[in-house]
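Structure first, commentary second.
A, B, C, D and E are the chain letters, set down in written order, and residue numbers restart from 1 in every chain.
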Amino acid sequence: MTEQKAMKLALDKVGHAWLGRTVFEDFDLVLGEGEVVALAGPSGCGKTTILQIAAGLVEPLRGRVRRHYRRHAVVFQEPRLLPWLTARDNIAYGLKVAGRGRAERGAVAEARALDVGLDRDDLDKYPVELSGGMRQRAAVARALAVEPDVMFFDEPFTAVDVGLRRALQDLVIAAARRARFSALFVTHDLAEAVRVAHRLIVLSGVDGRIVDQRAIAGEPGRRDNRTVFDIVEGWSADPVFAELFDADRRGRA
Amino acid sequence: MTEQKAMKLALDKVGHAWLGRTVFEDFDLVLGEGEVVALAGPSGCGKTTILQIAAGLVEPLRGRVRRHYRRHAVVFQEPRLLPWLTARDNIAYGLKVAGRGRAERGAVAEARALDVGLDRDDLDKYPVELSGGMRQRAAVARALAVEPDVMFFDEPFTAVDVGLRRALQDLVIAAARRARFSALFVTHDLAEAVRVAHRLIVLSGVDGRIVDQRAIAGEPGRRDNRTVFDIVEGWSADPVFAELFDADRRGRA
Amino acid sequence: AEPLVLWGPPAAPSIVLAQAVASGALKEVAPDVTFKVWKTPDEMRAGISAGTFRAVVVPTYVASNLYNRGLGVRLLNVLTDGLLFVVAPSGTVKDIAGLRGRKVAVPFRNDMPDFIFRRMLASAGLAASDIDVDYSGTPAEAVQLLLTGRADAAFLTEPLASAAILRAATAGRTLERAIDAQEVWRKITGRQAIPQAGLAITDKLAADIGGGGIAALQTALEGALGSVLKDPATAAAVAAPALELPAPVIERAIPFSSLVVRRASAARADLAALFDALAEADPRIIGGKQPDDGFFAL
Amino acid sequence: MTVSSPFEGPRVGEARRAMPAWLRAGARACVAATVWLGRYVWAGWVGLAGLFCLAAGWQAGHEFYGSFILPAPLETVTVLFGLFEGPELAQAASETAWRSLGGFLLAAGLGTLAGSVAGYSFAAMRIMRPIVTVILGVPPIAWIVLALIWFGSGGGSAVLTVVLASFPISFAGALEGAATRDRALDAMARSFGASLPTRFRTVTLPHLLSYLFPAWTTTAGNAWKVTVMAELLSNTGGIGGQLATARALFDIPLVTAWILLVVAFALITEYGMLNPLREMTERWRSAGLPWGVKR
Amino acid sequence: MTVSSPFEGPRVGEARRAMPAWLRAGARACVAATVWLGRYVWAGWVGLAGLFCLAAGWQAGHEFYGSFILPAPLETVTVLFGLFEGPELAQAASETAWRSLGGFLLAAGLGTLAGSVAGYSFAAMRIMRPIVTVILGVPPIAWIVLALIWFGSGGGSAVLTVVLASFPISFAGALEGAATRDRALDAMARSFGASLPTRFRTVTLPHLLSYLFPAWTTTAGNAWKVTVMAELLSNTGGIGGQLATARALFDIPLVTAWILLVVAFALITEYGMLNPLREMTERWRSAGLPWGVKR
């Protein structure tokens, strides 16, 4: 499902260091059309940095990023809502930047808000008045609203409950299939990765190298709970994932 | 395990409304010594509000809160680190407020930082320089550092990877057993609730009522992965949890 | 008796006071007499209200104004018969009519010099629109404009006029006192003098030193005037530190300052003429009406 | 934002349904404006209490020092009302008003602009800050002659004085505000492809406003005072000129009346113009507070 | 924070081991201070460039208007150096310095205090804001006579002028800063049982500083100017008195030299005192920027 599709985004030998401390080096990634790639790895290994480089928000120190798409959207690890706009206006922010009309913005924002489980009442609230999960959902809705070709998700569903989480995962899968958007999906939850992604990349927390890269059997959204659990449980024995499953074996600097 | 122990915290018929919109009413909770109570419920149902009322940060509109302990600590849903302090000073913040000496603060902060998997290098970083998971861990370390009698956790481990999450859950269980602290543990992850808690309270997203309240078989930390999964899978058929597992069945205002 | 401070503005009449203090002739009035300079009307107002200014050189119309307001201030004497001049580059202006079409800096809007200036214009048949009067700024700015040729003339008091002329000389330009306002005044009103400033005393001082003290003060000042006029150079040297002006400027200013020490009652007719002229422009400047007999302390 | 007004019973609702949409919207806006105005004026009472405290102190000072130093408030107000009958007031006030308005707009505009640029660019900041310090530190007598040469005895020199005195305040505020903008939100906006102007407008500006408002309010209050003082010192008419005349006449109640007028103008500028603007743009800040945003 | 200095080879490290601990710490602090100073002065070059642009403009103005309106920079500096030989400079400068320092400290202190209180309490804000507007809006001539009566011809009236002119700036800044504090962080501190003063110190103050610094720098720059102008107007000595004398003599280069001195003082106050303080307390802001915090 990967290589035969048109390439949307490619990272070539990308490396980055924060204030002289190298996070990762020689990172390669190709994102095909309609492909969802999950990026997993222990906390602090550089997932967010890679995602921000891919989205053009951070200049990589080494390497090159190639993009073949019109529009992307990012769901950040924190909601990053504008505190002076209501939830509605926050969701419509991307559309406003794109210069869409007022009426259209309102309609689209409302539709996306319903998709992520916010009700109309909540749309008039300011971010401080929203619960943690509502903020995260508003951020997801804001990204979906612009109908991007490539989506970058940075642990988007951490603050929502199981049921909603599944619903949102299904939403992403459906949207990806319908709008044929590609996505880079950072998550530390392997079950989530297995549920939504075509392919999984696992980073090491020690040196930021790619520990493993594997296609996930089956189609996103077609795997049931038991399957997902079995895949993840199966992996937990795999030495490749040792670092991810066992905090004590992790190298400490 | 609940009623025979000394009462640490009790909420009596507590109710709250934000700007006239009722979130929940008649909420009762008793937290015994050394007891960990998990609070689950769909996003936006009022978990954070209850936790803040219990911690004395929000005045409840109705009802009464009784506290029988010296010190508590809160892990908020967002890290809430002070941006002008390094991770070390942030972790030591509670100790500084308590008036501890400089040397002691440094030593304790470092020990707690190691517990939550931060290395010495990270301690000199400012919050903006930390990854999302690191920030959350620093917030957990800050709360643990003051050695409280009661802990309030608001979805504390959402941003960390599976391995670290288990390690942190074990840390909380061990600390609770060792220091005999009680905890109110808000989470939307039932597996996490099953792993760390003695008792689970499930709130409804429709009217904020307690849908169900049940003791969890076995001892926290003694349940293995398979058991946990089976318990959770078993629950998913239970109508009580329907709201939590199925976003579509949720009442929308 | 208490020590006495004589207050005066940094202007020509104060020279006589400084000389009197330095000569020691005021021993009979008070044991310890000093001279100090006031620079702003606010200082003077505060001093008189607070009772720290008991003998102060002020413009005569100010004394009348304060007297009419019931502040217990009376005029002892007149110290100058006028020290106003139109200063212009040499040979450019001969008389008032010569100001037609020129730009004149008058840094005292709605104050006595301004009223006298307007009166002079009117007497020469000039309307306000015939010349370009620039009221902006303080005397310092007026001189700066004059010296750099941005104004054709300036209406100044001594010793400012002398200072400006001296300053121009060092810059290689020659200014002169083109019009003597006193002379013009004589022609217009027939009065001999513009009794511009005098020494005012408070009732409290008058009560303290008594009639004898007042007379002694007047006598001492008359004596000092004699030595000032006789030897301007020495007087200038004496007054220079207190006035914070260079001695040569003061020396040059003395002959043009019409210094006198006339009892107030002796100058009553001149004062009345001046007050009338001012009141015609704005009666409030003298406090609404001609001061009555009580105004004249001596 | 919907307005829930206390006058809005179910009957009114029905009656409304019969109105055309624009009328309904208009009525709604009217009610909203009335409610807002009522609340604003109501809040003003507390402020008036503070002002009356000041007036009491003034009266006490008058009783101690007498009319020649400090005329009584009542006397002053009487004189002021007397002024309203003559033509000088309207003329002097409008002259001064234009000057201080011009000075304020120039100072606030230039200061905000230059400060924002400096807040975005470190190089600009390093070059501009010392220059602004110099502008701030030079006493007016240094350039008043130049101003008189350039502008003659028109209002130009007063306007220049206001600009030079007030510009640095807005500059410093805007600089600090732009420099402390939230870079995480900026990155978010960038991820949606927002251009620099858009980002400035939507991300930096709302944050900047909290730095600009204190700067603007001080600038506005200052502008009146500085204009009047500049007029007074450079003899260029306006209220300052009237003050100079009144001072030359030692008519202290008149002096005080003019000053009272200046203070009244300063209060009107702040509470009639700047404060409503601030209330409008900073409403979101009261979200999350116990009493919340009045919708 | 550890200091990594370029002079720190392994040999030095060994030599150090022999030193007593306090000496080692001292040496380390010395190196750190030198490095910091070097960097600070280096950054100053850019600022100097800006100042020299101003000086060039000044020279151009001189060439156009001549010495009597605007003396040349060089001439002015020569006169200024001449002044350093006489006794007036030291005396006048120290007089003015004490007044403006006193005025600045009072204004900044009172303003910050009152502003913070108003920022915490809505009632206090509603009462105090109009009063501060009035204080800001009253021209100095209104109370200069009172000040002269209270303080005589000492520096008191100049200090009062500075306080009344500058206090509202700090007040407005502190008010806005305290009102916009992060309430989420405040709740965090409360959850650890932090008292109000502790919360103010650790949560509000670091945020407040970004509002106070622009206010303080404008206040400081202003203080010198206002002191000098007040001295000039109330005839109370200091640099203002010297200026008045120089003006009476039409010694324009001398006037300009004194003004240059005032400006130099303003620059020194800002870059010698306030800026280092700001750099120290606001270092954390450069964390997360591409060049990061210099540790």
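Just so it is clear, a contact is a pair of C-beta atoms (placed from the backbone, for glycine too) under 8 Å apart; a residue touches a chain by one contact, two chains touch by 3 or more.
Because the structure is predicted, anything quoted here is derived from the model rather than measured.
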Neighbouring chains shared between chain C and chain D, ordered by label:
E
Find the two chains joined by the most C-beta pairs in contact, please.
D-E
Averaging over Cα atoms per chain, report the distance between chain A and chain B in Å.
26
Where chain A and chain D are represented by their mean Cα positions, the distance between them in whole Å
47
Where in chain C do residues touch two or more of the other chains?
45-46, 49, 144
Do you know which chain E residues sit against two or more other chains?
65, 69, 141, 145-146, 149, 184, 247, 288, 292
Chain A, residues touching no fewer than two other chains
18-19, 78, 128-129
Contacts from chain D onto chain A in the complex sit at residues 1-2, 184-185, 187-194, 198, 202-203, 206, 284, 287-288, 292-293, 295
The residues of chain E that touch chain C in their complex are 65-66, 68-69, 141, 144-146, 148-149, 152-153, 233-235, 244-245, 247-250, 252
Listed in rising order, the residues of chain B that touch chain E in the complex are 52, 55-57, 71-74, 76, 78, 80, 82-85, 93-94, 96-98, 124-126, 128-129, 146, 152
Interface with chain B, chain A side, in the complex: residues 18-19, 21, 40-44, 47-48, 77-78, 114, 117, 119-122, 129-134, 137, 154-155, 158-168, 188-190, 225-226, 229, 233, 236, 243-248, 250, 252-253
Of chain E, residues touching chain D in the complex
43, 46-51, 53-54, 61, 65, 69-70, 123, 126-131, 133-134, 136-142, 145-146, 149, 168-169, 172-173, 175-176, 179-180, 183, 210-211, 213-215, 217-218, 221-222, 224-225, 228-229, 232, 243, 247, 255-256, 259, 262-263, 265-267, 270-271, 285, 288-289
